[in-house]
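Both of the next two complexes hold chain A, though its partner changes from chain B to chain C.
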Partner chain A sequence: MGLLSDPNRRRALIGLLTRLNAPICVVCYMAGVAWFMGLAFEPFTLRTYMSENAMGSTMVEERFPAGERALATGREFAAHKKKTGGMPVDWLVKTMQSRGLEVFTQRFSRRLPFPDEDKERYMVKGTNVYGILRAPRAPRTEALVLSAPCTAGDHNNQAVGLLLGLAQYFRNQVYWAKDIIFLVNEHDLIGMQAWLEGYHHTNTTGMDWSPLQGRGGSIQAALSLELSSDVVTSLDLVLEGLNGQLPNLDLANLFYAFCQKIGVLCTTQGKLQRNDWDSVSGYSHAVQTMMLMAMKQASGRPWGDHGLFLRYHIEAATIKGINSFRQYKTDATTVGRLLEGMYRKLNNLLERLHQSYFFYLMSSLSHFVSIGYYMPAFGLLGVILLLRALDLWVQLASPPPRTEDGVVDAEQVSSPGVLSVLTPLAVVLTAIAVYTLLPPATRARVFYCNPVCDVRRVSLCLLKAADGSGHGAGLEGAEAGGRALPGRAAGLHRAHQLLPGLHPGSHAGARGRLRHAQRAKVTRLQRLGDRCGSVRSLTSRSSSPPRRVLSAFVLVVLSPACTLLFSVFFFQELQEMPVSFLDGWMLYLSVISQGILDHALYGSLVYPLVALLVYPCWLLFWNILFWK
Partner chain B sequence: MKILGLLSLLATHLSANSVNIEENAGQFFSSGHTNNWAVLVCTSRFWFNYRHVANTLSVYRSVKRLGIPDSHIVLMLADDMACNHRNPKPATVFSHKNMELNVYGDDVEVDYRGYEVTVENFLRVLTGRLPPSTPRSKRLLSDDRSNILIYLTGHGGNGFLKFQDSEEISNVELADAFQQMWQKRRYNELLFIIDTCQGASMYERFYSPNLMALASSQVGEDSLSHQPDLAIGVHLMDRYTFYLLEFLEDIHPASKSNMNDLFKVCPKSQCVSTPGHRTDLFLRDPGSALITDFFGSVRKVEITMETVNLTDPIEQVEQNFVNEDLQKESYSYVDQLPVSEIIHQGLQLVNNNPGLSHPHLSFTGQSVCCRPSSISSI
Partner chain C sequence: MAAPMTLLLIVAVTIRAVLYRSGVADLVSERVEVVSPLTAWKRVVEGLALLDLGVSPYSGDVFHETPLIIYLFHFLVDYAEITFMLADVITAVALYMAVKDYNKQVFRKQKYALEADRYPLDCLELIRSPGEMYYIPLKVAMCYLLNPFTVLSCVAKSTCGLNNAVIALFILSTVKGNMLLSAIFLSLATYQSIYPLTLSAAALLYLIFWWFVAQYAFMYLGSLLVLVGLSFFLLGFWDYLPSVYGFILSVPDLTPNIGLFWDFFAEMFEHFRLFFLCVFQINVFFYTLPLSIKLKEHPVFLIFMQLAVISIFKSYPTVGDISLYLAFLPVWSHLHRFLRNIFLVSCVLLACSALFPVLWHLWIYAGSANSNFYYAITLLFNVAQILLVSDYFYAFLRREHHLSYGLYLKRKDGSEATLVLK
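Showing the complex of A and B:
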């Protein structure tokens, strides 16, 4: 009471806060957005550099000679794959054994909660085949992994061929200090998850796998190869993993250093690096690359087979070979040399990669922004929440007389009816209960009688249920709010500051905050105003229809569902593959179902986050809108 | 007649020779040392510090070639590069690229290996305070007529040298260790070579007599490595040691090159860093000190049929001392423990080196020698 602080100054500050709240919020919002956009501007970024001393420079001699033989092996693999109609296990085992590896297989099976129309699978059964190259003189304490997925059709044959060619070459060298595990996994991510769970003796996702007969020690780093053509024009590096986790930046630095040494064109996010950073198009290119990376991280799904390694603290990345219409082609021998160089350098590691950054955004392969530089943007957006909360708290504590209206508000003190407070709470609680207690299949079944649900129908059901609950249908439909939303999260920033790459969502969310601020004022004014309006809602109160309709419209636009829809279209635009509305809608539905599948299969966190935090919060706002 | 002529010729020749031998006898003992020792230390481990091991082994090879036997060399290597899992040529350590010269060879005798190379062991070797069970090969059994070569390489900084990525030796500790050696009459002259970053800081604090020091770089400078080998994947040598070895390749046991030539090794144009040296504590003129006084174990042997009167040359040495500056008198040995002085005069604590925790010798003439209670204050 005035002992340690000056009450006058405090009152002045509080008055400032309440008076200038909206402008400060607007300024913070603009500053946050501007900061984030400015991150891609090249003078504000740092050039990438190798931080790990043990890896040093690219000072090795790559001598891999057998690119053509690797491609021939790939063709053989393709033939056997077509013959067996899946993974040619016996042929792979025989080939790896002839190259001197210790070969083991692992069977796994998984029943998806509902059929995945994108990949056309429901009951997934498969086999992983892996061969271990033991280090000639070292104890079996550490390992490196090179993996290539076995996909149906005509994809990735060259990757498997190159993997086997490298295995043969590596077997003849004496300088390996770590075991190298060559893994060919079936059904890409599901197989990889089974293998990793078997390797580390964990069982987090309820998959059924046979235990691994052979092991190699703790894995220090892993690379996944995707190569579908005999020659490539560029190599793309994919870093984003499960739940937006990234490998250590040193892995990307290593890749880039070798690309420069060997002279291969290397990209990230599929976008070529440009040198004209001071021109508008160059800058927008950098912004697009960075936004793509942010959105991919926000989706929470692994964008390559490497994505599942990151959870076990294994630095991993995926290298994709891209064959576009460019004149200069790189052959398989050069790609093999690049991989050989990378593995020789990873071989020199004494401890796990930890010297460089774990949280970063890359506007190109040679420039990055670390978390210390991009977090202030989100911090500014978070400050808006804080200011709003302070403002509300101050007003709750001592409501200032509303002299500008000419009427003293005496009704603010009266608490709203019990029903209006309890109902949204009940909705949220049932949502949590349903989510945690029911298995996914039942959850899907709740909305649709057919026991085997089509994925699109599931998504549509969820959306309908969401609308229904929003309009007071009061179903376990809040459960429907559980949408896994790749690409964005409205209001996620307020729950989870640590998930990087949430700019699009926070963009929307902060706008939501602003709207909410205005809405709060609106509702207060409406209490004084005339009572009319007949909007069907949970706690329908009367208010001025145009304003309420406008607010309702804005809130619907900002709802998780719509934001996701916009993000899907935005994402396609960024990737320079814009889609028509119908295709976008289909993509949107598949995104929702993929999100649920990701959560069920690999433990992705986006779906429960949205279900338990975002959607109930939005519901509460919706109810507040129609509050008295 | 002819016989007489011949005899007279022989007589004059012999007399002339005898006169020469008498004079040359004086030169036999001009350097003052009778045996040579070498302590070669590589302080860093891990595969990417391959070049430090190669440095040390190259100096070891040169020193052996010039005559110092393994029994007089204490070789300390902190890591085993030859048998490292990452070595594509196992059991070899190369110092030139294209694998021209394998310095590991078949007859390397490493006295302190791996984790035995610590600051404590190094200082114990220097000062001789080893447990009785230590084998001879791990001891520096020098006396007051030994010339010792000490070569250190690794990662260093301003005033310290890093041992094994976990501890450091400071320049103050090193200076005190040399002072202990001086007090215990464990060396006649000592040549200290260090090839690390900011190496000159390590010899700044020396205060014992008869020390000469060389470093590969000044304070604030980094010593750079010389050449990478792409097949092995590491840098093979440091620049200073590389050019030092090129220089030593021209030295043979009978060569008369002196220390001034050694100071010219690796100028800034080749080394990028500025090598430094320190000779103010050295009694003799560096130009009169031969390279082989430290790097080789040269026995001066001349066969003669004459008897030589040896009393004169010894006096000649003392006369040399008298002719030098009077300041040199302060550098004489003192009693190890002059009890009477302790009782009657009390301790005189002179702080020559700030930061030292125990009292030590002063050079003012009336001095009291106090035995330090511990070897090093790590």
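Showing the complex of A and C:
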């Protein structure tokens, strides 16, 4: 308590903090960024290790022999799929039954709030088929899931074939102590959502589905399989689920351990592991992997069919087969043996996976940083906010400067009244609340009509507002124009379009696969830091017009919409798939619509977060910058 | 002042009524921060059902309200929402009137002291003007009614709101100097949750002669006896005693809440349990004597301190308890210049309030955190509350010190002195 109660030391400390506020903030920021970048440096990371005793020391022998037959089944499946023009339900039921499973189907239908252009669907109707292999060795209280999505076109037939092959093989083994559910889901995540909701008797998204006729025990773990070629060069592990949730690290460890044992190349984020961590390219490779993981998490969308399992407290991951131009190929038998090994180890589990980490970043499959190591980076960035606020607080508390004749400085008198602060705030909040609470269909229809025009108009409006710096509330006026106030700027004649237009635009900020990631958090904090800066300049009233224009420019650049746009390009850059500006722009628009869709379909939180938190904050800062 | 107060009441009731009709109510009434095993509405409903079946409501180890509450809701169950809104309104109005009266007393005392030249000359800036005191009662009512904690607690139909109303009425009658009502409401509050017993110290400070103290004690004990007896005659069994007071004192239900008990006792070996139970429970009562000696001139501040201590150290605290003492903060607005950690403390309190649901979700739903995460936030929240209260205590004492020794203290050698809390 000495530090907090001794007035002299307190005064010294606060004096130090206020006097050196800017340098300390800069140092904190640099230190935070440096810390984060340092996390990818291999000597600072931990090697992954298996924490779960039940999966660690026990030996299993993989004997799955029937890769070729599985591929043949896959081809048969493809033929039937082509014939029926969708999911060959009857064939699947028959095939699964002939392999000795209890087979059930589930029908579901869902009308999307607005047509999904990426996947070209609007009214979704489909059927999930699943077969349960009952555990011969134990009461049926626990289950494992192996799923393969049935996608349109030529994709993923091999995955379904392998799934059926594994089902046949597993049926003849006697050591299963957990039910194994083989699930073929249609319409990827929508089907998965319907099945999970049916299995757990919940309905969080208002989807129509027929109740499940058969169930296993409580699901302990799930793997989703994506294979589109007969041979693969490597297997990619996808961990990022809904809202950035991750499965227990032991699941990744298990996959990695078996890849090592069987000798399959394995990747995460599509990036192979490299051994040259001490070289610059090796380090930047690790940084890219980690950044990709962080950005995917920040996007809030599920990056594989496993993503929705995590919401039900089921550890799940997606395994993707990748076929590139490498010499070394792995055949379906090996992949089958890998899966067999993983399921046998999961079968040994005595309790849910919980021993290892749930919050981690991976710079390669064999190295990770846990939450204890990456939180200090965010702590350092977050403390900037606190320091800035402290500075403002101290300034508020200190008596106003007095001029010589004892009159309080004129600034004090001109400080904005409560009303002028509250009005814009109220307008912004109501607009956003009304907009967010609108039924998604309306929102989406307006948005869908011509997203490009809207977004362009928004950016125009932003620029206009930025130019006419004196004209402060340009944006505000435009926003309000749609509601009640007389239109300003572009407002009047197309007010009703403008308002929704604004929304998705900025809203997108966090939107969807916003690929924001850590990086986004970094940017956001940085942005907040800047905002604090502008508040400060406001209170000190020293901002000259050029500085204001500069601040406005910075604010526009850091606006949620722009941040999202940069993130899209950055993400593509990290994936080593750079895009042209036009493609990037189209991608950006689809990211926005996907974001709204993810929110409506699966309950991803990024859209409301941006619409209700980040965007109003940004508007507020804009407002502060320009009020007279 | 009546007009703004009416407006405030209308706004507060509207907010609550809207929230009752929205989906928020169901969500909130399940939150462990808002309802405890003692105050949950769900349990009241269960008790009512048992009562209707002719079974003792205490037989199932679910219901822990006092018999009076269950008979109250036996008649009012259809009007429960109105009852809870009314309880909040009563609390706010009682606090409003009590603070208004208290401010009058403070002002009168200050006037006498000024006339008697008892204040040092450099203390003039510490003297409180009627202008700045005018809006304080309204602010208190606003602070209670619009506090998100109160709103949540009311929307969740936590019976904590009723307890708060009783305590507020006790404060009102004490400040007004009505001994009989004060004793009755205090016994009612004690009957509801034991802990308000410590508030009797503040009530006794208002009485000057031993004879009055004896009278007060007699009235208090008498009405307590009546309440206990009445409960017995209503129910016909004594099993509410272990089920209500035993439940409060021995803390058998370790459902997480924002208090200090649950994780500690969940982790502890059984044979230490009794000892630590005593240690934890004694905290509520322990500070009463030293505080009332130190604050014998300022019973209302003592009430504020005691309410804070109760809401920090009681066995099943909820946010409703916190909101009651937070409502008093505007009364001490003249202490702001002496507060030291208010910025830090308010940051911590805000951050913790936001983190409670987040960590709960991670622990219970996502399964990726564990109880330690939640308990850590609980600890931090309570540390912040303790800092807040001790900060106000320090500021209050310091102002009193300045009022008797002057604002600019000098050491013996003439250099500037500073006050240090040790």
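For this structure, a couple of remarks:
Just so we're on the same page, the second predicted complex is superposed on the first by the 496 of 628 C-alpha atoms of A that agree within 3 Å, B and C clash if a C-alpha of one lies under 4 Å from a C-alpha of the other, contacts with A are read in each partner's own complex, and residues count from 1 in each chain.
Here is the rule we go by: a residue touches a chain if its C-beta (ideal position, glycine included) is under 8 Å from a C-beta of that chain, and two chains touch if they have at least 3 such contacts.
All of these numbers come straight from a predicted model, not from anything done at the bench.
Once the complexes are laid over each other on chain A, chain B and chain C both fit without any clash.
Contacts of A:Glu576 after superposition: neither chain B nor chain C is touched. Taking Cα centres throughout, chain A sits at the apex of an angle toward chain B and chain C that amounts to 80 degrees, reported as a multiple of 10.
In the superposed model, A:Arg344 lies in contact with chain B only, and not with chain C. Touch criterion met: A:Val60 reaches chain B, while chain C stays clear of it. Look at A:Gln173: by the touch rule set out above, it reaches chain B but stays clear of chain C.
Of the two partner chains placed around the shared chain by superposition, chain C is the only one that A:His354 touches, whereas chain B remains out of contact.
In the superposed model, A:Ala135 makes contact with chain B only, not with chain C. With both structures placed on the common chain, the touch criterion links A:Arg10 to chain C but leaves chain B unconnected. Per the superposed model, the minimal spacing between any CA atom of chain B and any CA atom of chain C is 13 Å. Looking at the complex, you find that chain A touches chain C at residues 4-8, 10, 245-246, 248, 310-311, 313, 352, 354, 358-359, 386, 389-390, 393.
Residues of chain C that touch chain A in their complex: 340-341, 343, 347, 365-369, 387, 394, 418-422.
Interface residues of chain A, counted against chain B in their complex, comprise 53-54, 56, 59-61, 135-138, 173-177, 344, 347-348, 350. By the touch rule above, chain B contacts chain A in their complex via residues 46-48, 83-88, 90, 228, 230-231, 233-235.
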